[in-house]
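Which chain is which? They are A, B, C and D, in the order written, and residues in each are numbered from 1.
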Amino acid sequence: MGYILEEEKVFKDPVHKYIYVQDETIWNLINTKEFQRLRRIRQLGTTYLTFHGAEHSRFSHSLGVYEITRKIISQFERSHYPDWPKEEKLVSLCAALLHDLGHGPFSHSIEEVFETHHEEWTCRILLEDTDVNRVLRTVSDDFPQRVASVICKTYDKPIVISLVSSQMDADRMDYLLRDAYYTGVNYGTFDLDRILRVLRPYQGRIVVKESGMHAVEDYLMSRYQMYWQVYFHPVTRSSEIILRQIFRRAKEIYMKGYNFQMLSKPFRMMFEGSLTVDDYFQLDEALAQTVFMQWAEEQDEILSDLCKRFMHRRLYKYITMDEKDETLWATIRQQFETAGLHPDYHLEIDFPFDLPYDVYRPGKIGSEEKPPILLLCDQDQLVEISEKSDIIRSITGLHLGKYHLYYPEEKLSEKAHLIDPEIRKLFGMA
Amino acid sequence: MGYILEEEKVFKDPVHKYIYVQDETIWNLINTKEFQRLRRIRQLGTTYLTFHGAEHSRFSHSLGVYEITRKIISQFERSHYPDWPKEEKLVSLCAALLHDLGHGPFSHSIEEVFETHHEEWTCRILLEDTDVNRVLRTVSDDFPQRVASVICKTYDKPIVISLVSSQMDADRMDYLLRDAYYTGVNYGTFDLDRILRVLRPYQGRIVVKESGMHAVEDYLMSRYQMYWQVYFHPVTRSSEIILRQIFRRAKEIYMKGYNFQMLSKPFRMMFEGSLTVDDYFQLDEALAQTVFMQWAEEQDEILSDLCKRFMHRRLYKYITMDEKDETLWATIRQQFETAGLHPDYHLEIDFPFDLPYDVYRPGKIGSEEKPPILLLCDQDQLVEISEKSDIIRSITGLHLGKYHLYYPEEKLSEKAHLIDPEIRKLFGMA
Amino acid sequence: MGYILEEEKVFKDPVHKYIYVQDETIWNLINTKEFQRLRRIRQLGTTYLTFHGAEHSRFSHSLGVYEITRKIISQFERSHYPDWPKEEKLVSLCAALLHDLGHGPFSHSIEEVFETHHEEWTCRILLEDTDVNRVLRTVSDDFPQRVASVICKTYDKPIVISLVSSQMDADRMDYLLRDAYYTGVNYGTFDLDRILRVLRPYQGRIVVKESGMHAVEDYLMSRYQMYWQVYFHPVTRSSEIILRQIFRRAKEIYMKGYNFQMLSKPFRMMFEGSLTVDDYFQLDEALAQTVFMQWAEEQDEILSDLCKRFMHRRLYKYITMDEKDETLWATIRQQFETAGLHPDYHLEIDFPFDLPYDVYRPGKIGSEEKPPILLLCDQDQLVEISEKSDIIRSITGLHLGKYHLYYPEEKLSEKAHLIDPEIRKLFGMA
Amino acid sequence: MGYILEEEKVFKDPVHKYIYVQDETIWNLINTKEFQRLRRIRQLGTTYLTFHGAEHSRFSHSLGVYEITRKIISQFERSHYPDWPKEEKLVSLCAALLHDLGHGPFSHSIEEVFETHHEEWTCRILLEDTDVNRVLRTVSDDFPQRVASVICKTYDKPIVISLVSSQMDADRMDYLLRDAYYTGVNYGTFDLDRILRVLRPYQGRIVVKESGMHAVEDYLMSRYQMYWQVYFHPVTRSSEIILRQIFRRAKEIYMKGYNFQMLSKPFRMMFEGSLTVDDYFQLDEALAQTVFMQWAEEQDEILSDLCKRFMHRRLYKYITMDEKDETLWATIRQQFETAGLHPDYHLEIDFPFDLPYDVYRPGKIGSEEKPPILLLCDQDQLVEISEKSDIIRSITGLHLGKYHLYYPEEKLSEKAHLIDPEIRKLFGMA
């Protein structure tokens, strides 16, 4: 079960005030080079280009998820709830701390273009020849595997999984509060202390006692507001699109044999789909930005233009459409092409729905994938929360997204005379 | 004097809530690539290794300094104070926004090792062939020079200089509040609104009306607390030392002809003392970190060890001494050398006094260098604030620093048997 | 239109930081004895018995409503919106400041029992022989009447009415923020600065520019949370019921000729329905509490018991019912009576619906009573907000209330053996 | 040792977020009528006339002191410090909760005029025939006496006394934070969590571990700022003076046989110096304000004028003098008298020094009265904090007070022509 530190270690944290470390294993994990690397991966990817304060890293967030998990468990222990398996404390804390270890630079874009998954990388780092693996093995030989299986949701105690990964887990609670703090918006604040007090371990799940329903409503409302005002912000989407295009273009020309003036090994391996854990360790946002700075000087005009746009924040503009209209989009694309714009790089249609977020999906009790939030009513009845809460039921089915068409404004302006007046008007040009 | 934007632009900011841009020149300056580069320079250098939340950039800070300056001027204008020269508004706002433009990656260390000054670089960027220069010249041909002379403190209207650079200027007010916010400490908060309300332009200076004395006390107390708890934190000092040693070592071996596996052009130019503005533009913290990652694999053991320490946060430990004792230090140094440690890299004595900070120095009225904070008493008398405030007088003369000796703990442990028992005990070893 | 103060007056305020007074009329109104009386009327009535921090007065709130109104108008003036009638500034500010002047002690209960309305009293105080009237008349002879007609919603400029009284007026914005601050809950916080920035005067109304929709959603969500967690809190309802019963009982026995040991004149006049403005001025919460303290010693057992309950916080307990069931309630009432409890005082059924609050009601554009919140879309189209916002549409129709039955627990326990087992069980007794 | 509640009770608190009650004794004490009476006594007396937000009661503060004490003890227990006597928990919590029970309305003024002491009244309420006494006796027969002796500082375990009453006790920590919150100033905030973490029970005292020195500095700086900006605010002093004069005048004329139209029993008993605990229970601020409202209509002009001034906030104005000058004051007094002003009521000289506050006084180790704050250095050395901290040493000896002369401005104006020009000028009159 690991050793307790002689003297508790304390980190000052803007969101939780302090983060307390009592276990030697946790302390040693924080000090591995793989965990320290998370300082070089931003928590919110390109969001800092929209909200300049959002420059915080996955390092801070990971400590926060650990701290919330520690608080939940400590409250379970203090209350002597019989349904909490005490021996699962350390594995839960480690999984909470390490769950984001496999994130690469600007993860969402990389994952889309190169079809990787950060959970897989997390597990590889836990299980292969790394400092993290060595620390975990001091607990027991199968400990790295146990931590990995919590993160991959195959662990045999579902209550541990649901601490770290569910619709109201420590991960989401930390990122809502933290992202709200660093962006400076005040939509994301909810009463964490109160949420923690209404959680109960019950029959292998973490549930909410009935009187806590309004606290959960408050939390889901925060989530709703954060998604629409921060996570789906169209300017952030624009920078994500530029980034995705950079990766797509670089891979495309690499495959065609383009001779890069500068191409660091991790990038080459990524293009070839044969990254090792060692390469992956090098792959942080410092490297990505350095590479983009140099690609800005490459011969390939599209790549060079995209990199300048990203580094100097000259993003694509957008227009908004309420409805899906593929015929219209085909017309626009064809007109762009005729006018000399690149149909794959100078026009991108985006719909926020296909994103790894959702406000809340009820799901079924017992569902593996996304277990719903359950209220414990009358001592022993479990009720899915949207059955009790009108407001949660209201927001559950909402599809609020609109379509956005992103494009390079000044390039389009130059060619405006080659575009049909009707389409031109759509893009706000006379 | 520049155009007003048709629609005010607004940035969400965690410290000031919102930052408002009304002038087209300001908006265009923010969008230059040189100003966007400040997103890749951290405001507090290596402090994030001590306070993990302190990951904010000079970009955010620069916007904040601009906003405070805007608020001060706007209050001067609303109150129709006759001593405020209205035609100086735009030059003041530009100087506020751009005053940190010349900061390099981890500035303080670079400046010490390479004897550069960020103010000089700021002025070069303002005056040479850059996007910033082009935007400034749209106002008038001599406008870049005017902005530069405010920043270099040679402008002929001292009131403008004192807005941007004095003992209670917009720069310090923003960084105290911002650094407190991002580190999460609450020492640095003072009542900005109240400070702004008690400032008065008066005979070419910015002074404080008498009833504002307690507000200034509160501000100086914040400064005092921040210096001792954040800016002079010994762990931050340790990381600064590592960084300085990296630069020192790299330059040293470069001069001796060491063949680097990787050495990007801006670094080479810096070693040779012939950086151009173009090179300087490349020199951001992404590049520095990428270079350090690669130097961690260099043959030179000292450089490689230092880079690993910095990147993986394996800092030097320290012991504290109340008194200066050069004889003792010489003994320690000699013993370290005998034991096989490197006397220039494995031991460093640090005293926080030689830092660009001080809590408050009264100085003389009329002094050019650091004009004191003046109270406006009985309508027309200027009194240096520490004459009136006992508490400010109390903290003015304080020398609180202690000496710290930094060293690589595990290397010293290995060699402990070669060290005199007395010295060993000093370092906490049996 | 009134004089400007030579030096702006400033009040420190926990919610808005500072409250600024520039007009002499406003300053003089604040210093009238009728406005100072509001310090002795709590903003949230009996809520301090549930949330102990909620001890703030209508004085603080009135200053807050004034300040928000001042900010809105000042933004309208700065932006030179043509649809804002500048000459209406002072009347708007006065109406904002004075709108709650007629509130009595624990208003809601008094209004219910004695069928008075605080708006009527506000207008009487504005128009009869009072210090407030004298100050208003210094502006012009018809000024008291103009201010009164804004408050009574008969003023001929609807835009002024909607500043002070609409579904998103300065009154509601202040009380949500203030009540959240003093109770200590964090549901009620929304981004006031942002709301203020999206308001526009438009064709005699105050509307919201389209991009402000999410800010309004956030505000309405806060309102929703505050209603269910603070304003409708069943413990607060319990204390309101006790209070209402005190007033009801006192009047009842007074009418029957009961000889009170102590009955101050304003109370006697209130029982007789012939209160003068002078009596009303005496009627504050200090007097009400003093009277209750003495009534606690009266011969009438019911009155004495109720007063002790209120003063020593021995409130009625409650049980909750989802559905309306008048047959069951009649049975309970009859059983209570049989057991010797008083059917009118020892049982009270409460449903939060019949309260002067609602989260949001769309209403029709142009409706006099409760004009809806309108979005200004595409420069010139007004759309009722719930047509655009799914989330607002969702909460608009919600009926979340449950029925609560309040009763004196220890009295019921004593008589439990006289009650049917089924009913007994309903009240949680064996 | 009292019983533990089956389910923890929780109060929402704006300062501490939540207040937790686990002991049945504490719960029952809170529900006594004597403790509920504290809701009708303001924490900051007349300060709400200067800072309108400061309307909070001693009820809230008492819960806060309890909560801080609970947190300190709970940290001592978690850390298993051997020097903490565990059996003292309940007596400490009760003393913390009840320490202010004996405060009357506007205590400081009443205590000065009638020479009573709230600690004495606290002990009488604990020990005589009251609900509080009955609850305490359920623990043990001598328990009321034990709690009382902690409050009177005669308890035989000094560590318990120092929790509740010392220079850094739970009382002061709560009031600084709470008064800062409700007034809205931000001087009074310090890092409570951090202070709590550095406290240690050590040899019958509570001391501070050495590394906590800066946290204590921060706390003392807050105290310094609060005293000068809130507690000693000259406008608050003005209202205290009016209040003192009301009490003084009423007693004076009562003694001379004046026939009051209204004089409630507790006031009569107070004038005669024979208050019982039952009378004292009636004596709250609701009663005081009701009585003042009626005295405003009394025949005695001085009493009537003072009461109107207090109720309608028409306070005395003041002039400030740096130096003590009794000759000058005698002249002024004599001139006032000649001009027909009352020398005892229309002129009052005030010096903030004679107040129950001080920023910090070192005192001697072992001093009974005001034990100093001690640092625990090198495991086992106790050092008085101002020996180590320059900043604390600096503020320790400061005498910042100025003399203020309070007087009724409009009365003086009327008589200005009867006053010497020199004196007139002193009072700002031509």
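Just so we're on the same page, contacts are C-beta pairs under 8 Å (C-beta built on N, C-alpha and C of every residue); 3 or more make two chains touch, one makes a residue touch a chain.
These figures come from a predicted structure and were not determined experimentally.
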**Item:** Chain whose average C-alpha position is farthest from chain B's own
**Value:** C
**Item:** Same or different contact residues where chain D meets its copy chain B, judged by the half mark
**Value:** same
**Message:** Rotating chain A so that its CA atoms sit on those of chain C: what angle is that, to a multiple of 5 degrees?
**Reply:** 180
**Complete:** chain B to chain D, mean C-alpha position gap in Å, rounds to 44
**chain A and chain D: spacing of chain centres that average the CA atoms, whole Å** = 51
**Request:** Find every residue in chain B that makes contact with two or more other chains and list them.
**Result:** 17, 185
**Asked** Tell me, which parts of chain A touch chain C in their complex?
**Response** 185-187, 189-191, 214, 217-218, 221, 224-225, 228-229, 390-391, 394-395, 398, 400
**Fill in**
chain D contacts chain C in the complex at 11-15, 17, 31-33, 36, 39-40, 48, 51-53, 55-57, 59-60, 63, 181-185, 282, 284-290, 293, 308, 311-314
**Residue numbers on chain D that touch chain A, as the complex places them** = 10, 17-18, 193-194, 197
